[in-house]
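Here come two complexes built around chain A, the first alongside chain B, the second alongside chain C.
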Partner chain A sequence: MSTSVPQLRVPLAGRRSGRLTRAARAPLARFIGRRLLMVIPVLWGVSFFTFVAMNALPGSAAQSLLGPNATPQEVARFEAQLGLDQPFFERYWDWLTGVLHGDLGTSLASGASVSSILLDALPVTAELILVAIVVALLVAIPLALLAARRPNGIADRAGLFLSMVGLSIANYVLALVLVYIFAVKLRWLPAMGWTTPGEDLGQNLRCLVLPAVSIGLPLLCFYTRLLRADLLEQMQGEDYVVTARAKGAGPWRVLVHHALRNSTFGLITIVALNLGTLLGGAVIVEQIFQIPGVGRAMLSAIDNRDIPVVTGAVLVFAVIVVLANLVADILYSVLDPRIRYGDART
Partner chain B sequence: MATRGPDLAVTAAPAVLEPALEPSAGRTAGRWRRSLGVTIPAAMLVVIFAACFLWPLLGSLPEPTGGNILDSDLPIGSAGHLLGTDEVGDDTLSRILHGGQASLEIALAVNAIGMLVGGLLGAAAAYWGGWRDTVVMRVLDMLIAFPSLVLALALAQGLGPGKLNTIWALCVFSVPAFARVARAATLRLREQPFMTAARLSGTRQRRMLLGHIAPNILPQLLTFALLGMGITIILEGALSFLGLGVQPPDPSWGNMIAQGQGILSAEPRFVLIPSAALFLTVVSFNLLGDALRARWST
Partner chain C sequence: MLVRLVKYVTAGAVAVLLLAFVSACGGSSSSSSTSAGSAASRNDEDVNGVQAPAPQSGGSLTVLLEASYSGAWPTGLDPATNTTGGANQSQMNAIFGQLFQLTEDGKLKPDLATDYKFEDGGKSVLITLRDGVTFTDGTTLNAEAFVWNIKRDMDSPCTCKPLWQLKDVSAVDDHTVRIDLKSPNGALINGMLVSNVNWLASPTAFKKMGPQQFKMKPVGAGPFKVVSDKLSNELVLERNPDYWEKGRPYLDKLTFRSTANDESALQALQAGQAQVYEGMSTPSLLDAYKNAGLTVTKEPSTSPYVIQLNTKAPPFDDKRAREAIYAATNSQLIVEKLFDNAETVVQSFTAPGGLFYQKDVSGYPPYDLDKAKQLVKELGGLKVDFFTLQSPVNTSFMKALQTMWQQAGIETTIHLYTLNGLIQEFQKPNWQAALQTAGAWDPPAGVGVSFRFNSTSPYSGVKDPKVDDLINQGQGSVDPAERKQAYDELGAYIAQNAYAPFLFPLSSYSIATDGVYGPGITTQIPTVAVDAPIQYQDAFRTSGQ
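Moving on, here comes the complex of A and B:
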């Protein structure tokens, strides 16, 4: 192993060959360590940007909470009570130290702690998103294999066209059309509402179908297109495909056992990268189906100008995206040794 | 000897051309079909733009707001109201077309700003390289880490509703996206011989960026802008749907869908008509962007 490492590394970063031996000793641990260190400035930046975006905006939260009839004195007193009269950096520092202790502040509207509001809502959003991702993947993988089996064949062309059509449907449009068909006309599924899985799992799943499909259908099209493209790239350019064919493996075997395995890496990255868009979609779908997740908590906080809750929700969403990308990178390097050696230089 | 020269050329010419002709004849059908992939969505977009921006100028359409309450809830196909009227008597067709104007204007502005600011930023970052590239890209990575709709929602709320503020809120996601595309395209370009030649002949930085890099990355930015139009129109619709974009009574597809949501079971057309308009526009942009990308990448 150690003899093959320099050959891999030298053309990539010849002048740093002094670091090679150290990197070669524990490449995986080193890679993960570097990647974890890189997350710290990103997380700090995300928190700073969230706070700036939410607090530097015009409009007084106190005014909107007290209503238009409040006198300036009342507004000033209330702002002092909320700490809104403090200088910006002092407020940011207080907020950041609170966040590091797991305290996201208190809701202006209800007085409850923001972290407890978000913790109550998080499992709901997580269930919705995970079900959508898993179902989309389960359908997307066979579809992509079918399309990649004969590039430019009928299945491939139809798949490409239909997936583009699917990607063009806004999830709020899809949600309302689904509600109209399956809840209003056919009366098979509830149009809105939520039951926790602990209460009644069957009802929970019935509530989950329409929202999960609204999020999952565009996702399915997205995964299918990207996996197909990646599979085709593997089939055309990679030596191991030639080897597999040469030893007599059938076309399906090459696709499923060889190409798909390698395309999984790309798929993991795509799922992680796309999570931000997905969470945005969850916000609007939760609102339509009246599901008590983080997105709905955030929207009702936006309505009330409840800035601590909005800030907390945006922060939670952003941190989830950053951490998901971290996990994807680490998983990638665990599964694919080429990354560990190649990418350690950047 | 001298006489054989032209002779050879004449006899050689068909021999050279022949093999080239045969596949090209076979390829005509494929080329025609491929061009169909571009012309159909392009024609749909021309029709949509003309309907939204030119039809209201003809003066035969009723105003999108301030309709007569006595004309409320007319069905599709009524005299003078092709798509009927809503519960306050406003003409649905007129609202769809004016709403489309708002959507398209916002999407065009967001993508133009994204292409200009993001494109220059990404190209400059890739051209300079080094720490400036790192700083610019890290900041943009951070912006991309934010769920775009979540951030746009929060910003739209903070800035207050309205067309201009919707544009600013959506630019937060378009600028970094364009910057990434421009950066990747410029990085591929940087080591090309003509770039080295231009650098060696002492071309100034501004001329390098605007005269050499910009024209070469423009096709990629344009195809990305077409896909970006689709995304922006959906996001703008989402903001308006949630009451944070274009405000009623001014029409937009998003707020028309939101208004129709309450009477979905009784009158589904108030959801379905703006939904269809939204879908057709987005699918045209997406199909055109996809077809052009496939054509220009080969």
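Moving on, here comes the complex of A and C:
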């Protein structure tokens, strides 16, 4: 897992620190500005193609909401009520201008504002994903360190076995196995449902465990294997490791203080890139555990051909992924002060 | 449809896993043979009704509803704007009560109404409301409120709106409403069971709250009132202390929760997160439910499966092709092999649980493989495009029919569609054959005989004035004997013309944990739509409250 950071600039040595800071800040701001500007066409593209895809699906919101017993006349009347009889581009333009004014539109099914639907659902999905990532990282890093410390040792082989199992099992299958063991047989944790932290924090955490593990275990295994491989690469081939060893640093110190820090770049990239996949996993897991997150709202909206909600949810997912990648890029410079973005003077 | 896609993607894996687990854990159930044995014997009793103890007041009940049907209420719960009202009967009945309800013996019982009377040969109906009933906002349920509701319901986009040829509706006095129709409708009152007009909303609360807020937290005069409503996810209700029937409801709290499918419902029940599951419809999971010690009650279906044939286009515009399908279809074998003899083969659009049931239809073409082969030969071969709504049960059913027809030389191509795909297929003029259900507790109500056979219905494969006439005769008369005669004649006419072979109604099951009792939960009530109309005001718990 070699580290490749876009638009990296390492400043020339010998500059005074104050000047360096000022110089570095401005390019970073410019870098963030440029990236944010790039977000605009990305989000427009995402919204447009989602709109196109939803319109290309057979049937309409009116047909889906009225069910199989509705006559074509009833469907046509309801479509007119929902405004679906308007031309595609007119509906898209109305939606787009609304978004530019901060209005994501109104759900065709419930009549509620899309913003309020997503604001209700987003914290749920965010909590689920955040816990899954944090737990996966907290377990993956020590496991990878143990594995890299003694390649082919017991810890490495155990980690390999766990990773193979975790990577082989689909998260929805894992979810069902976990539910069977921990909810049905042991009755320790709920099989479904959701309680917000505000209602009951303890129950919220209980509701969170199985879905978070279902999403997090494959991640954990993935992170462990990648980090182990990168750590080994660092330990075996990098000059700074040889130097550290020559200076008398112990193997754990070299591993944790030197190799891990470098390997973290790759891990951050993977975590950021993985977020899209993770959101996809959350959609399925939310459905299995009946968790009222964005994924479930989106699936339900797709089922109902509720275009404003689907487009709003996809837009939110796109924003999250784009911002996560931006944060990852910014984190590089935090982790390694030598890294500066877009400094034209270098 | 993606919800369903995810459901089906997971369903196979879930079923395999679940069955594997159940088998693997057979040790635990067989090791405690007493409990397994008692569970099994209890389940056998349950099919015919559990002997319920004396009702107890108090406690709460969590009910699971399948996410793709009754567990979806995306447009809220206002009777006039809920487009899935037909599927959400349990939630709606609990909040609004019912003007009329169906009892365990299959009889119509006035609830918020006390009486009705047909006049002018069925062209007018007088409905009397119960005195002293109030909505949960404290306002009175009177004739004026009923009229307001009917007018809103007639404009509803829901397919559960009343299909009346309405001329006028008016309040005769404070408790009597007169409905005048353009044509007689003897099924008007029975049809209310599948119609949003059976639920009365508070006009005052609607005006005060506005349509958007009202659909989220509607106000009715039912046994429960809304505490919170998360659309298609969770509906929490609490006891209505001012409910008209003293001592009811027994439960203090009633929660409806959406669940992904029959497999996840089983897990939630086993995990103790719910006590009731409505409308279990996967026959292959019945043993898993029974082995888990749950009470399984078979609810009599009133809508038989039918193989709709498009008689307006080739190849089924030729009667010999239709007769070949009749002769090649062995319904009894399907019931034996796929449904373990748990269903009853029928020959018409009526079923044992419904009104006007006709066991044997005069002239119904029997299964006759030799005749089927002969007819196919005469036709020079028969190729059929056969479609239905995608579901695990339908898939196995379609494959069974395909194999069966193949023996007669009929080449069948199966198409499994999502809801929207299915409707689009019906809109094509040259569709050929579809596996559907036709029928209702009262034949013309809901997805009844008119829906599948009337010339004007977009989902009919038949265009025959005689059929239309018999349908109108059956619906128009207020005399049950006349209605029965019309439907018997219609059943025979469909059979003689080989318009559509009928198969059997597929039952749904109500599931309950130990100590839960109620009409439609642990006893049988004929289904008016797809699931049994459970009367939650009479439901109670004796343990684990």
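Note that the second predicted complex is superposed on the first by the 275 of 346 C-alpha atoms of A that agree within 3 Å, B and C clash if a C-alpha of one lies under 4 Å from a C-alpha of the other, contacts with A are read in each partner's own complex, and residues count from 1 in each chain.
Heads up, the rule we're going with is that contacts are C-beta pairs under 8 Å (C-beta built on N, C-alpha and C of every residue); 3 or more make two chains touch, one makes a residue touch a chain.
Just so it is clear, the model here is predicted, and its values are computed rather than measured.
When the two structures are aligned on the shared chain, A:S168 is found in touch with chain B, with no touch to chain C.
Touch criterion met: A:L279 reaches chain B, while chain C stays clear of it.
Within the superposed three-chain model, A:D336 lies out of touch with both chain B and chain C [touch as defined at top]. Once chain A of one complex is fitted onto chain A of the other, the partner contacts of A:F49 are limited to chain B, with no touch recorded for chain C.
With both structures placed on the common chain, the touch criterion links A:V177 to chain B and to chain C.
In the superposed model, A:E238 makes contact with neither chain B nor chain C.
In the superposed model, A:Q287 makes contact with both chain B and chain C. Look at A:E127: by the touch rule set out above, it reaches neither chain B nor chain C. Put simply, chain A uses residues 57-59, 170, 172-173, 176-177, 179-180, 184, 283-284, 287-288, 299, 302, 305 to touch chain B in one complex and chain C in the other. Across the interface of their complex, chain A is touched by residues 1-4, 6-7, 9-10, 13-14, 17-18, 21, 67-68, 72, 74-76, 83-84, 86-87, 157-159, 211-212, 215-216, 230-234, 257-260, 263-264, 267-268, 270-273, 389, 418-424, 427, 446-447, 451, 457-459 of chain C.
Within the complex formed with chain B, the residues of chain A that make contact are 41-42, 45-46, 49-50, 53-54, 57-59, 164-165, 167-170, 172-173, 176-177, 179-180, 184, 275-281, 283-284, 287-288, 295, 298-299, 302, 305, 310, 313-314, 317-318, 321-322, 325. Remark: chain A residues 57-60, 62-72, 74, 77-78, 81, 109-112, 170, 172-173, 176-177, 179-180, 183-184, 187, 190-193, 283-284, 287-288, 290, 292, 296, 299-300, 302-306 touch chain C in the complex. By the touch criterion stated above, chain B contacts chain A in their complex at residues 138-139, 141-151, 153-155, 157-160, 230, 234, 237-238, 241-242, 244, 257, 261, 264-265, 268, 271-272, 275, 278-279, 282-283, 286-287, 290.
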